[in-house]
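Heads up, there are several structures right after this.
The two complexes that follow have chain A in common; it is paired with chain B in the first and with chain C in the second.
This part shows the complex of A and B:
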């Protein structure tokens, strides 16, 4: 009975869609007029003729996220890094180090390892293009960073954690990278104010292009003829570094071999520590 | 439109059609095949015949379509690179899944003619596992 009901629903759906498409009813066919909302976005994202109200970036999402509501995004970034700091604090004292000797083969078979030698390079390249083109095409710092963090996960699963640790991808180096990213976001947020202080003009925090109350200060929209949209490129780049490093730390911690933690705990108890 | 463009577009469309058919067959296989290894076979049909081949076809169609302007080479190149990535990732992923399943021995290898991997390894055979399961049930 259920089988026949499902089949009827499927056939009716197909027939309905075919009818709508064939009869050219204006439900699925978009209108050719530009809607009011679209006009607003066109006017406030990339519109050099009105220099006080444009973000100078053709990508509406990045304009909104890092320019129109930049302060919101700073707080969102803070929430994300507080979560990562929480994970690191939970794993306080956990030995993320190489053991003295490793017995046996680590990781998956040779076939998978060979393919995994090629793929992370592609992943990092795509992630970099997503992040650095974030002000021109869909994407941005967070998406690029999340994509880049897939490469260490792949290596963790296929080659084992020790492969990454041996090459210097450990908690401390990733914390350094993450701190560089967060400091960069902070400096970019205050860049307009610092320029304003140095030149004696009025400016806002998180300011990108000139504003009616601060008409003299703006970050460069073009560098060497290339559109970088003022602060947006820098925000995307530093967010990329911070997100990729933050996710890598969390993945390193959650794939920690349990035996290592047990061995350390036993050693601590043997040395007279409390259980 | 030259003859070469027409040939490219027709070949590309045939490849996309074959891909759609292979995806349908793979979906039926995923639903109807009785155990893990057979379903894995259906899944890889969906990856190679259902993703790799239509992407090559899309690259050919884009290359033959002059109306897209210069951007057709971007689309064509993107499709070719994606198809290459799928070509190397699909077999590696299914190999890793099948190997892990076989080593852990949680799925009986059926239907089976010969299993050299099982003879080489010291894990419990699927027959022994079945006997254990039968022994457990009252």
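This part shows the complex of A and C:
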């Protein structure tokens, strides 16, 4: 009874707020006209006629995220990796290795496994296309990485964790992949400065196309006739690697069988190891 | 506003109400596994709403995180603790 009363009150509140907003639509709802800042972003996102302000990417979101507001995204990336480091630090000392005592087939039934053999391939393919086309169509590095991370989660649940560990998908290999991604993001951010130092020109950190104060340095917008939007493609690719690997580490640690870890810890202490 | 736009916005508004109902059911449910499923239903409806509001970039990150990874984390957590919420 209380359940249904609560639900009715909730829905009536929503409808009342909707009614008030709809009745005062001229006051409460902002105008649908595009505002000046949005106009500038939409105009310059792909605008080869003014090379000093364009990001050379037809995808407005990616050009804002990695070019116009690139520094914000670098800090966001930092926050995400601090969270991953926190998860790894919580599971410190927990060995993520293939135990000798477990043999044979693990996981769910044959029907589920057969279906799951096909699906992760498709997930990885879609994720790669989301990430590598991130500067052309909706999507980008984080989106692609998060999509790719669903594949190992599916394998973890259906085939068990040891299936991944046997094939080399463990904490260290994923940490390596994640570090490659982060290093790549750093190198791409400093690429224009490094080119500037080598050629003796003035350049900015996180610079993509030429700027009024640094007109001589730019990253190539086209490679072999294909639009790669300068630094945007590299940012998307390295972010894809780092996010996919980061999520995979967290899921490997979360799904670790606790009894196994405890038994191994007891054995280690019994053998004279430190507690 | 054309007739088609009004219909699409109406569908979006209905979806929003259903998402609120799903959230309410997720909060009130004592069986935590069912609560996760209700929460995932709410996430699915949100993904649809993001699509209708022309935010495909948000949608592409929202679907794997909120429909795939987040329920997986919570279900792993429930498996390691208890399934019933104590009153």
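Convention: the second predicted complex is superposed on the first by the 225 of 275 C-alpha atoms of A that agree within 3 Å, B and C clash if a C-alpha of one lies under 4 Å from a C-alpha of the other, contacts with A are read in each partner's own complex, and residues count from 1 in each chain.
In the analysis below, contacts are C-beta pairs under 8 Å (C-beta built on N, C-alpha and C of every residue); 3 or more make two chains touch, one makes a residue touch a chain.
Given the structure is predicted, the values throughout are model-derived calculations rather than measurements.
Colleague: Identify the partner contact of A:6: answer first if only chain B is touched, second if only chain C is, both if each is, neither if none is.
Modeller: second
Colleague: On the A-aligned overlay, A:108 touches which partner chain: chain B = first, chain C = second, or both, or neither?
Modeller: After superposing on A, A:108 lies in contact with chain B but is clear of chain C.
Colleague: Counting residues of chain A in contact, which comes out ahead: chain B or chain C?
Modeller: So, of the two partners, C touches more residues of chain A.
Colleague: Should A:213 be classified as contacting the first partner (chain B), the second (chain C), both, or neither?
Modeller: A:213: touches no partner chain.
Colleague: Looking at A:121, would you say it contacts chain B, chain C, both, or neither? Reply first, second, both or neither.
Modeller: A:121: touches no partner chain.
Colleague: Going by the contact rule set out at the top, does A:176 touch chain B (first), chain C (second), both, or neither?
Modeller: Neither partner.
Colleague: Answer with first, second, both or neither: which of chain B and chain C does A:18 touch in the superposed model?
Modeller: second
Colleague: Is A:142 contacted by the first partner chain B, the second partner chain C, both or neither?
Modeller: A:142 contacts chain C only, not chain B.
Colleague: Taking the contacts chain A makes with chain B in one complex and with chain C in the other, which residues are shared?
Modeller: Residues common to the chain A contacts of chain C and of chain B do not exist here, since the sets are disjoint.
Colleague: Spell out the residues on chain B that touch chain A in their complex, using ranges where they run on.
Modeller: Residues 85, 88-89, 91-92, 95-96, 99-100 of chain B touch chain A in their complex.
Colleague: Hey, which residues of chain C end up touching chain A in the complex?
Modeller: That would be residues 13, 16-17, 20-21, 24, 28, 56-57, 59-61, 63-65, 68-69, 72-73, 76-77, 80 of chain C.
Colleague: Can you check the complex and tell me which residues of chain A touch chain C?
Modeller: 3, 6-7, 10-11, 14, 18, 61-62, 130, 138-140, 142-143, 146-147, 149-150, 153, 157, 247, 251, 254-255, 258
Colleague: For the complex, give me every residue of chain A touching chain B.
Modeller: Answer in residue numbers: 108-109, 111-112, 114-116, 118-119, 122, 158.
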